[in-house]
Amino acid sequence: MSKRILIILCSIFFTPALIWFSAQVVSGSDDDHTERSGFLLPQKHSTNLTREQLRGKELYQYYCALCHGRTGKGDGFNSFNMSVPPADHTDATVMSTLSDAQIHQVIKEGGSSLGRSPMMPPWGRVISDSEINTLVAYIRTLVTSGK
Amino acid sequence: MSSEHDRRDFLTYLGWFATLGTFGGISVASARYMVPNILYEPPKSYKIGKPQDYPEGVNFLPDKRIFVVNNGGNYKVISAVCTHMGCTPRWIAEKDRWECPCHGSIFNNKGVVIGGPAPKPLPWYEVTLGSDNKLFVNEDRIVPFSQVLTIAA
Amino acid sequence: MKRIFVILSFLILLFYIWQIWKDYNRPYLVYQKEFKELLKQKGGGEAELDDVKFVVRQRWLEKLNRVDRCETCHLGVEDPRFVDAPQPYTTHPDADKHSFERFGCTVCHGGQGLATSVEDAHGPTEDWYKAISSDNFLENSCSKCHGDFIEQEAPVLAKGRTMFKEYGCRGCHNVQGLERVKVAPPLVKIGEKVKIDWLYRWLQNPQMYLPETKMPNFQLTKEEAADMTRFLIPRVRIKDPDNFEGGSYARGKRILSESRCVTCHSFEGKGGDIGPDLAKVSSKVYPEWLFEWIKNPQAMRPDTLMPAYGFSDQDIRDLVAFIVEEYIDLELEDDVIQQNIQFVESANVGRGKELIEKYGCTGCHEIEGVEDRGEIGLDLTAIGDSHISRMDFGMIEVSHEERTVPNWLYNKMKNPRLFKAGLKMPDFTFSDLEAEALTTYLMSRSKEVVPASYHLHLGERPSDYNPQGEFGEILDNYRCLVCHTINGRGGDLAPDISIEGSRVKEKWLKDFMKTPYAIRPILVERMPRLKISDSEVETLYSYFRTTLVDDRVEKLTGSVKEMSLKDPEVISLGKDLYYNKYACNACHQVNLKGGTIGPDLTSVGERLRTEWIVYYLSDPKAFLKRSIEPVYDFTEKELEALTAFLLSAKEKK
Amino acid sequence: MIEKVKNIVFQNRFWKSVFRHGMPVNARLRSEAVMSNLFLHIHPVKIYKDSLLFRKTLGLGLISFYLFFILCITGILLMFYYIPHVQRAYQDMKDLEFAVSFGMILRNMHRWGAHSMVALVFLHMCRVFYTAGYRHPREFNWGVGVILFVCTLALSLTGYLLPWDQLAFWAITIVVNLIETMPIIGDDLRYLVVGGTLVGQNALIRFYVMHVMVLPLLVTMLIAVHFWRIRKDGGLARPE
């Protein structure tokens, strides 16, 4: 008597679970076979740069690339007529001698502040300190890409 | 026969034990349920921006109803709620004291009542400097007047 | 019976123990423990570590009616030490501008702020359809507080907004608060303008003739295109091409290059993008129409961007002769044209009219004899609020996580008839980025209102500057504002002339308008040579001098007079400053020597007023925020010397 | 010592006023126990042994009653966090799910309890029908039972709106549109039920009050009558 009830109880409990489970299995196997015919997902605009460096890149391309070049090789279209060629930011040997603070200072106060050419103008009144920091961060990424 | 009887009883006891355990569990859970985990209240501790945002002297923050006192790089925070009826006292710089416009309570520069109906001094709140270089006020911690946050300029 | 009782009661007891265990092991605790470990590594103090409580952390934004519990797991958003930490602990990039206390997270990012488990918070889930905005569409939230005109801070959104307007989306879709403007040319006398076989080919695939056209591809069948053509041009005009009295080919060629048509039009891939590409234009339009058009384009189409040059009839005849001869579609064969014309002639006018009504051509074009049925597309006023269940994915299998409103919109932009064949929306052939921009803009169309205290309008609203009188007429006639900007209205191809009166000298302006040249050595010459009369230039200049001036410049007149600008000593000091101390020659040219970034300064004294030179030197950014010029802090003496040198620069040749 | 304590606990006026009989060791005491106990006197003092067998009734009625009891308790607990306001209701559901300790299990107990109560009341009615329990003299109690079933459905329906999600909103919209199709009074009744023309704040508060106040009181009262009638009609029906 009690056994019969146990069986009934068990089947009440387990039947829905079984149905649910089998439904999962069936729908899971379904997914593998359907084609997604033309449905696209927006692509990630992938970049290796951090947000800070990206902001720096923006500024670099706007202010610096004219002389230092879009890739930082010092070959911008305006570089040809300069008596002192613009710095090559991809040159690892030169760049490793400069500290972040020095780069920051050159950007902020111009080349003459460190006894270099005045052809590099001071940007301190145009670009804020925190923005110069992003620039420095970006310039540092150029080194590895060069050589 | 007797062992059969015992076994049955044992099973019954076991069943009742589980049932009562469940009931007990439900009661405890229900009691725990009544203790709220989140509150819909203004937070008691909050950030109020960088120390540089507050010039020398007494600065009033209407949103949070506190005064931020900057005394030469020494920062302190005091409540701006009068202990009498909850008006906002005004800082009177010439007299170096707070005066409440509602019922005339007067607090000296230490927040101590020196006149009027206010029963208690204005409380000073703990203020610390967070890792992101912002002032952090905790209204749950009331500190003595002597405690200040000194920030090198 | 007893056995059942025991088993059941134990089952229930176990169930409750499981529940209690579950309640005390909420998923976010894992993250909080990991964060504490990380904090220890980053050198968090004892007190700081104690502050990490294993609880739900929420921000209650009463005014926004939101509760955000994102920081339950995203614990490092405010802590600058976690810049390099992995998600969910990373520092938020611009915590300074948007304080979390005031804005929370979901108002910008979307998602379910109330949730404390990863799937529920990021969505989409069954009971929270608004998933977190992917980075591609993130800017859609900016407009809630910052308005619609955020060029700088939200370029994608701004691009979407411009595209929505330019592609005439409003013609078929209602959006409350936007005016319905017919963006495309009126087709009232189209038979006078274009050749019938061209229209037939155009309707089948507009991009084939003009790849950059905004006219979408309706993916019509040949028969449909023929029917529509037949309706639009009921009578085929067979005209003798020789009927048009031609002019001199050689002279036309010279006029074309002198007038710098190439500034706006491109020919065989080279040139501007303001006007249409003219490489195959003579296979499209009749020469008579072209003649009338060049004579006075604004009379034929009031909203055109083309200036009325003021050519003489003979000039135009020469121009047309050159264009007809030169810019012809070489791949088109005569017998194909004849075939096409015959095919169109046999088409069904009635069906053409039906098709034009069905596809809502009247949303963008003015068409005679067709009833404008108003917006035939979906109302987009609050499309950003739509529930995903309203979006019909048709027969396409899309997984649950990818079923979001922005994804649907993105695919609709990319391929409008993807979800169902036979839909009316045409294919605009948007690129990925364009589709993203439009989707972002559409997602920003929402009925959600943030309290007024949150509003901070960024960017500039389009100015409604519209001068009247003689000056206004000249401005309108020559369409100056297509390239130049005055007081915030106009294009950005040419310099802003809002304070031109304080800037240039009259004589220079007169010469320049006669024979325009490029002031910056690096630029190609772009200012068209208009047939503008001296009296018109005088009108212009007198308006400039009276209205378009800046007090800051005018105030300098007194101090400029006191300067000793002719003193050779001062000039030589200026020269020293120019070449050695400040190295201006890095960017500017004098007498063909120097850099090519800034304008040529050789004859700057003839071009600019002395006050302007002083004013500009003292703060270049005051006039032009986008200028790439560094700002120096010149002393009075240096200003004087530099000005003196610049004024004398030409004479030193 | 133990005797003394026993005496103090059991041999006083208070204990005796609560338990008015001794250990039910003989028939008299047993009947007294049944008579004097609210929870036991659902059955008449004398009853056929067969009627008490589980397989005769499957205990469906009693389980339904227990479910109602559980629903009352969990419902009261849920009321501590639930605010029937269109801007808060759904958020409170989320709070229960994500932030309140044991909120989810309580809510689920309420929800599944309600679902199973509908099922069990229906099964109970089936059982009564198939065992011909609705016949004389139990016609009245059958009537009460039918009303109870309708009340159960009404409770389910009113509770369905309270989470204020899409499912709830559209379900109730459909239901009130059904009401509208009633002849003559349809429009007015719909206006009354919704408290306006759209399913909004008025509808929510109306359904809430019905769900937590009016209907539970009605059901409690009817259950009392129902049980009282069972006893008065002589317990369970037997084959004649």
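Think of it as A, B, C and D in the order they're written, each chain with its own count starting at 1.
Just so we're on the same page, a contact is a pair of C-beta atoms (placed from the backbone, for glycine too) under 8 Å apart; a residue touches a chain by one contact, two chains touch by 3 or more.
All of these numbers come straight from a predicted model, not from anything done at the bench.
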Centroid of chain B to centroid of chain C, CA atoms only: how many Å? 50
In whole angstrom, how far does the Cα centroid of chain A sit from the Cα centroid of chain C? 24
Suppose each chain is reduced to the average of its Cα coordinates; what separation in Å results between chain A and chain B? 41
Interchain centroid distance [CA atoms averaged], chain C/chain D, Å: 65
Find every residue in chain C that makes contact with two or more other chains and list them. 1, 3, 19-20, 23, 56, 58, 67
For chain B, residues contacting two or more additional chains: 29, 37-38
Residues of chain D that touch at least two other chains are 95, 99, 101-102, 105
Which label fits the chain touch graph of this model best, line, ring, star, complete or other? other
According to the definition already given, which pairs of chains are in contact? A-C, B-C, B-D, C-D
Contacts from chain A onto chain C in the complex sit at residues 2, 5-6, 9, 31, 34-45, 50-52, 62-63, 66-67, 77-78, 81-82, 110, 112, 117-119, 121-123, 125-126
Provide the residue numbers of chain D that touch chain C in the complex, in ascending order. 54, 87, 91, 94-95, 97-99, 101-102, 104-105, 165-166
What residues of chain C sit close enough to touch chain A in their complex? 1, 3-4, 7, 83, 93, 134-137, 396-399, 402, 406-407, 410-411, 414-415, 418, 432, 435-436, 439, 522, 580-583, 585-587, 593-597, 621, 628-633
Chain C contacts chain D in the complex at 1, 19-20, 23, 56, 58, 65, 67, 69, 112, 114-117, 120, 127, 387, 389
So, in the complex, the side of chain D touching chain B is made of residues 77, 80, 95, 99-103, 105-106
